[in-house]
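In what follows, chain A forms one complex with chain B and a second complex with chain C.
For the complex of A and B:
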């Protein structure tokens, strides 16, 4: 009975997404897939710890926007692209040679698995606006490219689609910045597809501070070719329900993939990080380090999976997830997974959960540090090694400040 | 006419197949319930066993629940589904054909016995050779029974317990593994035929290792076994299940339940060596082992410890668990799972922390060879009430060969800030330098692997009772035989 109930609700939910004019191509296929896909519930293993009823029961309208809004710039020198209400605006700043920015009217090829994932299908079918950023072969972009996501209305759907392609030997730094300026009840469903060709290098820095009354489903699909290097740093600070789906398909040999994350939650925030590294080719390295601190009644989920396919020999894959609970009402669900079909590999994962070490707090206090400062210091020290990995100084400094201010304690 | 012939043919075929299947000849099965699963069959089983009304009701309630359930699909295993309506759920214990001497026993089986170092007398017993009344193990068993009775320990078959100690059975049965727990547990609750029952009274330390092995009345346990162990306040028992000798069985599906209740200050140590028929080298045949094992640390300071060595079965699906309800209670899980050829194992544990200062340890060692798949799947759950709970988990996997798989699926759920939870897992193969070192000292590669694997499993094997441990070590070697290419 409950299933038919959810099915009815799914129909109601989808109504606000269906656009009047006909859609075609890949989007049409995604729309068809949506018909057959159930709305995810906690009965699905992939959504076991994250309830989406608030999204299911929400009604989100489409509000096109043109113009610009004030956003905190993380890196003054960066090329800024604003995405307001899910609509990309023209870039602000000088576009360096070798960068090609075009808008996506129709999806030509989808890397995300829209046949099986509800929200990827939703975005592929009904994305609000799309952008494609291409970095030409051999070009090194010295300024970073900052994409700001924000909205200016309440209860709307924000479904941007970003395609980034790095041609052989290209390199670039990206910042995705979720910015909050007061709106509530918005549903962000973002899809990013990143393609790294041979020997390309891409670092993606995500700062998720898009307001505590908004929902965010953020799906990132990365395809790596031979000798490429990919690094992602995800800092999650705000969101009612925040979910990151990060899928990396390592298709070429000799690649490097770095996945770092910090999630700090308080109140009734719910942060969920799902990562999936699929080692298809041999001789690769992947390293994952996620750290979280939870206070009040917040909940966090970490589900990291490393897959080593048959014949993907000589893989070194490491995964670590560490958590601190500051309150008895906070919850952490950690699920580090390994699925390995090749023998000449070195794979490991570790997960720990604990609280701030009382003895260490006492030590600091005995040296005249106040309890609050002592705790702040320790939280900062706890996430230090993850932040230390961030090579983009301006982003690192910006984030460090926010981390310190996060907990009132 | 033609119909009749066809019918006869079919009957003949069935007869041939059923007799031939695993090489044991059985007498014509006269006392057999009709195929299928329904309320009448349950009533038939219950009537056959002269069970009291409450037990029949228990079974029927389970059946009703079962009909609303679907076979679970989440485990990382693949196998052709079993048609339950094609199974016989009750067969009167079948007298095995007695052999006159060991010469008549399958030489391959004897070879394995010798490798395991099992004594001649035991070999006879295990392979169903007629034995003398004065045979050692029988007289030992009788002495055992006397000693146990003196201490007030009840150790008997489940059916006997239902007759002689109905109050105890009724009080505890289904409290740890509820009737509606999962598909196979519900099935077992409806159709279980027999099993073991054990009760250790207050303050008694069981003077010997209890083993189903020594219970003479249980030569053929059947496919739906049910075990219930109750350790009253301050008692201790070490319980052994299974044995290292290869077990062959006509039943393909095994869905057993083990329930343990440990009261205040009680300690139960449960050791299993599972070596059911794993199927042949091409993955044909073999047993499906879908077992629900759970212990409840009811009182404070209680302790339940699971140790398992899993080498057999085509498909294993087993998660011995501890519910740590009493304050200061302790749960432990030590496991070695070896898979070879086409075997599949999805095994692990669940540690549910409810009481304050509860502690759990998980050590799991998986070894995969051939084309097998070996998964660890475990849950550590720290409830809000579990202050100062502590967990340590270590899950290591060893891969021998490039066509097998090793997987880890841990679930760690923490809801209390004072909890300390640690989990680590590694996957790798045996280092070539280690093998080279052994080769250099004149140890051939196969022996070297045996040596390294035994060292790798030492943490778990050390937990086994002495003689069990010795046999288990040899068993590991045998299970991995031929995996070195």
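For the complex of A and C:
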């Protein structure tokens, strides 16, 4: 009964997406996959703690946009690309030699698992607009590339698709900045595919502050070839329902993968981080550190899985998730997972949840620091080591300021 | 300066202080001694404003001002300082940054502007030397990785930085070897002026060889049962507490 109901609802939901005509190739295959995929519910293990009913019941129109909007620049020297209502605009700033930016009209090859993931299929079939950024072999991009996601209408679907490819020995810093312009009820379903060829280095900095009345499903698929280094820093601050699906396939030897995250939630915000590191090749290092602070009735989910395949010997994999609950009504569902099929590996994982150390708060107050300042100091101190890992100073400073201001306390 | 009258306090329904009186004037050093469980640390906590304790009666005034309803930070701003028996480790919070915040919030409370960076750093340098705090400790996370002696020295350093009118040292001597004890005591003595006062809470007479008290009080079952001069401490060292507490036991 309820299955049928959900199926009907899925059809209604999909109606507002089936506007583009004559899709073909990979997108057509994704559309076909959508036919057979159920809309995810909490009965699915992958979505156990994240209720998507509000998305399912929403009707999201497509609103093409051309032009520009004022956005806070995190790094003024950066090359800026605005994505408004899900439509990429022309880059602003000097395009350094070795950067190739093209628009994606048709998906040639999808790295995301659109056969099994509903939202990956949805984006692959009906993405609003796509962009491909390629960094040529051996080129080191010294300015960062900042992509701003924002919208200027209400109740719309925002489905951009980004392909980033770093050719051998290339390196670049990216910033993905979700910016709020006051609009509500929007459904962001973003897919990013990141390819790192041999010895490439890519750092992606994500700042998710796209408004508390908007939904965000953000799927990032990373493929690493040998000797490559990938780092991702995800700072989640705003969103009604915010879900990051981060999948890293480490296909080559001698790679490094760093996954860092800070999520700070209050009110009724719901933040969910699902990460998956798939160690396919030997001699690699991965390190994951996610920290969260939840206040009021907010909820957070952390599910981090590290897979070590049978041939992936000499893997060092570390994973840690730590949480602080500021209120009795806040919730965290934390599940670190290790699945190891090789015998010569070093792996560890851990998860902790606690409260602010009241003794420490009293200690600071007894020196004359106000309660609010003391708590802010403690929260900042708690996430300090994650932020310390951010090498892009402008982004780090920007985020530090936002972290301090987040909680009213 | 500090006036405590008939103070009664409890924690989790258990009475700890049972009508305590204490009068401390500017320029004085008071020692509060007593056996374990007599209420020494409770007294320090209640004066500093720890919220776990329930005040059942009595009053505490500081420079004529009722402080019972003040938050811990307001008491600090009024000029009180508590040196902790067990200083807390706070990873990620820098000693210097938090002291800068503390000093500026206290100045704000008093209606003064922020202290200049130059003046602040000057004070850090001066006080660090005064309490012989190792160069690198000031900039580290609060008490993290400090030895027991360094933690206590850091308490005295913070006290020196904040220049309180009344300092309460809660078992500052516990866990200190004789050299550390001497350094801590020297720091306290150097900070002493005719305008400020010190309350030394201790279990042992040892510390009082270095910080010489004007008055020694014996706390027992939440009350001060005897007050004397510095010789009383020596007498306690020799005879223990039994001779003072026995009559109490008989009436109980």
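Everything below uses one rule, namely that the second predicted complex is superposed on the first by the 408 of 409 C-alpha atoms of A that agree within 3 Å, B and C clash if a C-alpha of one lies under 4 Å from a C-alpha of the other, contacts with A are read in each partner's own complex, and residues count from 1 in each chain.
By our rule, a contact is a pair of C-beta atoms (placed from the backbone, for glycine too) under 8 Å apart; a residue touches a chain by one contact, two chains touch by 3 or more.
Small disclaimer: the values here were computed from a predicted structure and weren't measured.
Contact comparison for chain A: of chain B and chain C, B touches the greater number of residues. Once chain A of one complex is fitted onto chain A of the other, the partner contacts of A:382 are limited to chain C, with no touch recorded for chain B. Once chain A of one complex is fitted onto chain A of the other, the partner contacts of A:26 are absent, as it touches neither chain B nor chain C.
Once chain A of one complex is fitted onto chain A of the other, the partner contacts of A:359 are limited to chain C, with no touch recorded for chain B.
Contacts of A:335 after superposition: chain B is touched, whereas chain C is not reached.
Residue contacts after overlaying the shared chain place A:351 against chain B, while chain C stays out of touching range. By the document's definition of touching, of the two partners only chain B reaches A:327; chain C does not. Overlap of the chain B and chain C interfaces on chain A: none, as no residue is touched by both.
Those residues of chain B lying in contact with chain A across their complex are 74, 382, 384, 397, 399-429. Of all the residues in chain C, the ones that touch chain A in their complex are 48-51, 71-73, 75-77, 81-82, 84, 87-88, 90-93, 98-99, 101-103, 105-106, 109, 141-142, 158, 162. Chain A makes touch with chain B in their complex at residues 45, 310-311, 313, 323, 325-355.
On chain A, the positions that touch chain C within their shared complex are 357, 359-360, 362-371, 373-374, 377-378, 380-382, 384-385.
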